[in-house]
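Look for chain A in each of the two complexes below; its partner is chain B in the first and chain C in the second.
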Partner chain A sequence: MSLPVLAVNELAMSFGTLEVFRNVSFSVSRGETVGLFGKSGSGKTTIGKCIVGLERPTGGEIRVQGENILNMGKKEFRKLRPKIQMIFQHPETSLDPRMKAFENLIEPLKLHSGLKQEALLKRGEELAELTGLRPEHLARYPVQLSGGEIQRIVLARIMALSPDFIVADEPTSMLDVSVQAQILRLMQKLQRETGVSYLLISHDLEVLKKVCHRIAYLDNGTITSIENINRGVKI
Partner chain B sequence: MDNVFANRLRKKSFSLPEAYGSQFAKRVFQRKDMLFALAALLIFAGLALFAPFISPYDPNAIDLKNKNLGPSEEHILGTDYLGRDLLSRILIGARTSLSIASGVVLVSLFLGTAAGCAAGYYGGLVDESISRVIDIFLSFPGVIFALTIMGALGTGIFNLMLALSIVHWAKYARMMRGQVLSIKKQEFVLSAITGGAGDFYIIRKHIVPNAIATLLVLATIDFGHVILSIATLSFLGIGLPADVPEWGAMLSAGKEFMRTAPYQTIFPGLAITFIVIIFSILGDGMRDILDPNHEGGEID
Partner chain C sequence: MSLLEIRDLSVEFPAGENTVKAVSHVFFNVREGETFGIIGESGSGKSVIGLALLRLLPANANISGAVLFHGQDLFSLRPSELRKIRGKCISLMPQNPAGALNPVLKNRLQIEEVFEERGIDKKEGMKKSLRLMKKLLLKDPEKLCDLYPHQLSGGMRQRLVACMSLSFEPELLIADEPTKGLDPEAKEGAVELFTKIKKEYGKTMLLITHDLDLALEVCDRIAVMYAGEIVELDKASKVLGTPLHPYTKGLVRAQPRNGLVPLSGQSPSRISLPEGCLFHERCRYSGIECFRKHPEMKNHKGGWIRCHFQSLQ
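Take a look at the complex of A and B:
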């Protein structure tokens, strides 16, 4: 049996005496979308940040392809980092406002691929095509783009790293309904084409039920149940 | 994707959005006070730059026969107690003040940016250490602190620049630290971290470019303050050597003749007032243009 892409075991987090969550355990297989549902302030985003290494939990383990990332050294984790990515909640601050969309898009490629200018441009085109972006989008500053366009650029930027796993933290909560559907469809398309797995964090149960294979319910700082969803709905 | 995409991207043949720079320029041109201040500054800077060529007299040439003369055709602004031409000394004095102030502001900006970045970005013990040093430097009254340093180092252009930089860097550092604390929590910085960017890359590519506008506003306003500090120290006789024409030193020399030859203090005083007002207007204008909470603010 193949290892899950991500396995979170008994994860716990406290800030001083304030316990945010405890005994959080779930796993995500390749090509699977797991939803994480909970009220605002329940610690969903903190769990996501722990998984991508932006926060250090106070207990438990996070295994990526079987390796506990919390025991990894800085260099070792940096090598793994492109494989675990995160989409953030607020499109308006997701891209550097002083860089044009295309510069934002190719930044991870510049950091990791060592590609030359022409090759970067070509790969940028492929990613733009993959996410349905047009050239004029890429020549704009983020402030001149809509929330949906920014989330497409964020997705293109993330896909540049060929991740195995993406934590999507309320990626559509700031978008209007029609654009929400477009972005969720795009995420499903990318999953079909690349086999990427998602942890979709949301407080909107309807959205989670439409796109997730399973949903983990976070309540009172712990996972209370994990529900299998018969995902027959195509958005 | 066809080649049209790549070609359009390369040639940028589609309509490019207005860059931040051009929007900033547009806002500047909409403000008459800033245009006036910019024009005045350009004139001042031009006069300072070409001062050695346009000064009618040698600013240090002593002519005791013509001492304490009022404004006349020969000496447009009169002469001082040694018969030196006041216009020539004010022009060369502009060069002295502007060049020293530029040096002080640049050094303070550089040091403050580096220290503030390190404190805000790394946090913890680094932040504690740097912040306490900043607190210590900010706890001294500026002029008294500069006086003490100049007392220890002695007069001279380099020593004056050093003393004023030591006094001024801390406020840049404190402001930069605050900016970094705010910017580093923004999602584009977190994206860069998860994208595998190193600390130096993030500071250079994301933090500094997004924080620098606020620091430039401070630097513009501070430029006027530095010129005042230079004049103050020279007025007290511990800024620059006596042979260097400087506005504060001219005021100090002229105060002995306030009743008989008031123009010896009025003209250098006006020069100081004028340049400080110019930088205040420019700083206020830049703050308004870049402040998202101010009417007409935030470039978008």
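Take a look at the complex of A and C:
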């Protein structure tokens, strides 16, 4: 059996004397969406940040393709980092406000792909098409875009690096009901096409039940149960 | 009797050489004691209506039409006359309670400011506010007054702003997106809060929201907005239970429990609006007439609908 894309074992986190969570364990396979459900302030976002290396947990391990990222050196982790990405809750602060949408979109390619200008622009256009962005969106500044359009650009930016795993932290909680459905369906389409895995963090159980293969329930600082959702076979 | 009557309200904003048509020819009335909801996606012009009523839009907005409050046109009032109405007769609960409060002032000072502005004794005002806070489901209001806004949860901040908006027992309360970004528990709390305001105070409310559950629970009648126009208007249970307009149907179907079916495409540009029906590019039922002719609002079984195929349902 192949290794899970992500395995979190007995993760613990405290800020000073305040314990946020302890004994948090779950795994995510290739092409799978695992939901992480909990109330506001339960530590969901902190778990997500630990996985992408934005916070350092106080205990436990996070294994990506079998390797514990907490034992990695900076250089080694930096190499792996494009493969694990995060979508943040607030679309309005996710992009550089001084760059136009297209510049924001191709920034990761400039840094990581080594593509020449022409190829870079072509790849940027492909990504825009993949995520349903229209040319007129790409010429605008983030402030001129709606929340849904920004989340599409965020997804295009992330897909530029062909990630194995995405932590999506409440990606639709600030969006309208119709736009929420569009973004979640887009995420499912990208999963079918690329086999990417998601950890979908949300406080909306209805949404999680609709799009996840499994849901982990976070309560009182620990995972109390993991539920299988019958949605057919995962990729 | 209508407390508020909106007649042919249009709002446009200049954008370089172009004009953004934010709200086009909106008609509706809000009866005394009624909770009237405006729903629709972001950018459909809902909040612009709320701000236009109190003349809080930026100076470059071109506004036409009339807003009658007790039969008096708010657009023809002098600023000094309008100040007597704002906050006292019509109060606005702004979108994003966190942004509505001053982060460097303790909550008590912010509540007192409301009374200070009106020249009312602060102590008397505070007593009244504390009573109101207790009624509006806030525990230990005295302690809460000594905290800063960032020390409150999203739901508590919303209640605090609600208390401030109700300080002068306004006749009409406008609540703009009161549940945006709140978690499900706080959302349930918001439903409870608005039901209480409605029942105990008998307030007339204009609720602007994209939260269909809140609208169904609290509103008596609902207007659905798309691209700056009202496309459907009827009793809340009818609009959200058996929607007629294809756009309303799409909104209901996009809810997770109804299948999470996304509406295809995006709202049209408001600078160059398409010909014909504004929704035809995204509509599953559109026919030739929809491309050619802009539909007018028509009376349909007691409600109003803007669709060429009002009977296709």
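The rule is simple: the second predicted complex is superposed on the first by the 231 of 235 C-alpha atoms of A that agree within 3 Å, B and C clash if a C-alpha of one lies under 4 Å from a C-alpha of the other, contacts with A are read in each partner's own complex, and residues count from 1 in each chain.
Operating definition for what follows: a contact is a pair of C-beta atoms (placed from the backbone, for glycine too) under 8 Å apart; a residue touches a chain by one contact, two chains touch by 3 or more.
Fair warning: this is a prediction, and the values are worked out from it, not measured in the lab.
With the C-alpha superposition on chain A as described, chain C and chain B fit side by side in the combined arrangement.
Residue contacts after overlaying the shared chain place A:174 against chain C, while chain B stays out of touching range.
Using the contact criterion defined above for the overlaid structures, shared-chain residue A:161 touches chain B, although it does not reach chain C.
Contacts of A:141 after superposition: chain B is touched, whereas chain C is not reached. Once the two complexes are laid over each other on the shared chain, residue contacts for A:108 go to chain B alone; chain C is not touched. On the chain A superposition, the C-alpha centres give an angle at chain A of 70° between chain B and chain C, rounded to a multiple of 10. Once the two complexes are laid over each other on the shared chain, residue contacts for A:193 go to neither chain B nor chain C.
In the superposed three-chain model, the partner touching more residues of chain A is B, compared with the other of chain B and chain C. Once the two complexes are overlaid on the shared chain, A:219 sits clear of chain B and of chain C alike.
Between chain B and chain C in the chain A overlay, the least Cα distance found is 8 Å.
Overlap of the chain B and chain C interfaces on chain A: residues 136. Residues 1, 5-6, 8-10, 12, 14-17, 19-20, 186-188, 190-197, 201, 205-206, 209-210, 300 of chain B are the ones that touch chain A when the two sit in their complex. The touching residues of chain A, when paired with chain C in their complex, are 39-40, 134, 136, 146-148, 173-182, 184-185, 203-207, 209-211. Contact residues on chain A toward chain B in their complex (touch as defined above): 49, 52-54, 78, 81-82, 84-86, 88-90, 93-98, 102, 104, 107-108, 111-112, 121-122, 124-126, 128-129, 135-136, 138-141, 143-144, 154, 157, 161. Of all residues in chain C, those touching chain A in their complex are 41-43, 153-154, 180-181, 183-186, 210-212, 250-251, 254-257, 260-263, 266, 269.
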